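Each structure below appears as structure tokens.
Each of the next two complexes has chain A plus one other chain: chain B in the first, chain C in the second.
For the complex of A and B:
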């Protein structure tokens, strides 16, 4: 049978976000895959250079709707590193708590989406119902279910009161029990096993070669976690295992994420136990001295990198964001190659992609001749249509 | 891999879900959930306590707030600042930074979450400390201490 090449997207009912996927198939087998991103470019990095640091905080928060706290955390850590201040210890613990809350809600969201992608709608409904517990906790602590506006320059906005601690503990214990239940389902439910075992397999060596990160990398047997490799906040004081799996497939990625929910609950319990009394924020200068900083944190989807360069004013000169999805995209193409067409949705979903977070624009000047180019609006429109 | 769940256990769970558990959702709008204390709903502005300092305008990430102010001389010879604040609430992202930046507590957020309006004009909010005519100058963020 002749090989057939066909595009999916940028607008397609199967896609949650606009991206262009091109597959070459031989019958039901996927032979080759390519991806084109850039349809949801929002010029966030450039906009950051037009606003002051306080305004940038909320702009960075809106890079992603799911890992919004991770973005503000990385941005704040970078700016605080340039200023050279250390925020109050209690604020660091609360930041850590929020970071893990977000990991729980994100992984549970992903598990529901994974259930939906394989047609296991019951799992989707149950997981998303249980996820409401962590959403309620986030709302109680920060005031919002998403875009929490909790992390701010110099600390966190709100303290965790004694009344909240009881509700948080109760909710986390429920979620921990449910996560253990879902781990059982993932390893015993035939519907789930048949759609995930040996699907989207990529070896650990190949993941490292292609620069994968986060749960995708750990599910291929590589035990790399920024929280352990380069501890930030108070991660060096809490105990948690680095969850890995030798399965290298979608099932492995599911197990890593579900077990990370259990670990995140345990980290939260330790945070609540070890959190000292004290201030939760400090006075932070409006103008940031000249300097630059690179910060890496372990967001839910993987390693999130922020680069901030300041010029001594209250507006940053440059903000560069490397989201984990960008690092995982090359591996996702490897996952679908050699698999069935029907496995494409779950194989792609297994990296927990977020294309809106990922879209960046890079314009390279000719280094040898020093030529630079200015693009007009009509040229940009033309470029966008061609893409 | 062996299946760990027995039919009896599944039947028990099904019976429990049918007879004991309540639905996860509520019958909105007949029944409404109460938002938590820190919820950021409809914004409230108190012009009496406002000092028109412009900190909210400077920190607002969505350009919602415009502070218009002017120094005027009272009859007793003392100078005071009068003006008004305009809020384009259709742009608001409800981050709460304005309330955090406000030193006089003039901006607060209520628990009211039903904010839909049929037209954009209805989102415009205006609070006057004392009316100021068109000669009133918009706060220049550079001048704010």
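For the complex of A and C:
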């Protein structure tokens, strides 16, 4: 059979988000792969520098529907670093709790999607049913199932009361047991193993070379976790292992994520034990003094980087977001090349991609001539339609 | 009346109407069972019927670059093949609507038609996903079809007949042939999953990879025909396995001879219906418990773990028969 080249997307029933993948296949073998993103550019960064800090909080929360808390957390940490304030300790612990709650919910969501991608619908249904428990916990704490709006400049919005603690502990214990059960399934169910072991393998060196991060990097045997390497909040006070796997494949990424759910539950238990009494937020100035800050946190998908520059007003001059998906995209192409067509969905899904979070537009000024360019609306439309 | 009886068999029972009605019911049972296993509510009884009506009412589109006649004929041939095969499979008594000395071979051939039609329909759709799906249909065919044929050979050898009605009738006195050919039965059941393109062998359809493969360009009436083909093939395939291995409508303690013809037919139909639903239950269970495997894993696995057991069972049967004969 001759080599066949076909596009997947930007509109395609198998994709949840618009992106354009181009594959060259020889029979069932993938010879080449390329990706084009940019179909869901929402100009969030630009919008951020036209609104004040409190409004930006809402905007950053909506960069992603799944890691929304990680984005507000990173933004607040950056702005607080510029102002140079230390938020109340209890607020830091609650932020950490929310951070780990979100990791649990996101990893479980991913496991369900992974089951779906390999045609294992029952796993999808079961995991998403259990995920309702963490959703209920999030709702109890923040009042919302998604876009929790929990983190605010100077602390967190709501306190965790004693009544909540009982429910949270109960739910986390259940989730911990279920996660252990799923780790068991992932290592024993034959069809699951056949579809994940030795699929989308990338070595640790190659991952580092291509700048991968998060669970993808750890599943290739590189033990890098921002929570340990550059501790923020109170992560230096809790104990947790850095989960790595030498398998380097989709199975390894699955195991790392499932075990991180277990660890996240343990971190939450420690948080609940060690949380001191006190205020959960403080007065925060409207205007932020001139300065800049870079913040890196370990979001569930990997290292999330926020850069904020202020100019002394209540509006930031520049907010730059680097989402983990962008860092993992180059390595995801490595995963599908040389593999089977059937492995494309699960190999891509194994980086836990979120394309709408990732889409940015960069137009560089010419350094030599100093020319800068302004694009008109019609030019942008034209650019958007080029596929 | 002489002319009407065959027409009745083709269009009403056990042909067209009955197969569609029972197929829709079995599909509801299947969907409900999977839903229960997956902790969901599942569809209401009339949902498969409503889906069918919806598809029939929808616009029928033929891609511009597709081969118009092949595209249109493929689902018709597939559906006709399944309906025709139903006439030779016992559905209510030990005698099928029609039978002759070699009808087992004809039924096996007719049940292969949907796969070939699916390949042609997909190939002439002129869509990369359909093309990949179509080649997968053919590759998969080699995996399950050979073991399925070998498995059906077992009961035929024991009964010493190539007529399905004959084989079924012999089981009234001789006991169910699953006892003589247990491996063949297991092989036939698993090969049936491949034939019906269900998890873990739904590789040609694989909605996450190639968006239902060969069916991707089909819409409206023609898509409904494909759905019907697989619904009815589920019934005919299950009925064939029930007839060959599980005694067809036979069950101990039911005195078919003492009943009037209409009652014997009704009871036989119910007994066989229950057996078919049990096979559907097996299909649902595997669908709920497994992930889809890859085509490069499926074909060698099938030839090794289905082909060899089927051959071993055939060998045992031939050896025993030669001893008993001598």
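Note that in this section the second predicted complex is superposed on the first by the 385 of 387 C-alpha atoms of A that agree within 3 Å, B and C clash if a C-alpha of one lies under 4 Å from a C-alpha of the other, contacts with A are read in each partner's own complex, and residues count from 1 in each chain.
Just so it is clear, contacts are C-beta pairs under 8 Å (C-beta built on N, C-alpha and C of every residue); 3 or more make two chains touch, one makes a residue touch a chain.
Fair warning: this is a prediction, and the values are worked out from it, not measured in the lab.
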Which of chain B and chain C A:55 touches, first, second, both or neither: first
Which superposed partner A:344 touches (first chain B, second chain C, both, neither): second
Touched partner set for A:157, first chain B, second chain C, both or neither: first
Partner chain(s) touched by A:129 [first = chain B, second = chain C, both, neither]: both
Touched partner set for A:192, first chain B, second chain C, both or neither: second
Chain B versus chain C as contact partner of A:3, first or second or both or neither: neither
Which superposed partner A:16 touches (first chain B, second chain C, both, neither): neither
Contacts of A:142 with chain B and chain C, given as first, second, both or neither: first
Doubly contacted chain A residues - partners chain C and chain B: 129, 189
Parts of chain A lying in touch with chain C, wherever the complex brings them together: 1, 4, 6, 12-14, 25, 27-28, 115-123, 125-126, 129, 189, 191-192, 194-195, 340-345
Of chain C, residues touching chain A in the complex: 34, 37-40, 128-129, 131-132, 135-136, 199-200, 202-203, 206-211, 287-297
Chain B residues within the chain A interface of the complex: 1-5, 24, 35-36, 38-40, 58-62, 93-97, 100-101, 109
Footprint of chain B on chain A - complex, ascending: 51-52, 54-59, 61-62, 129, 132, 139-144, 147, 149, 152, 157-158, 184, 187-190, 193
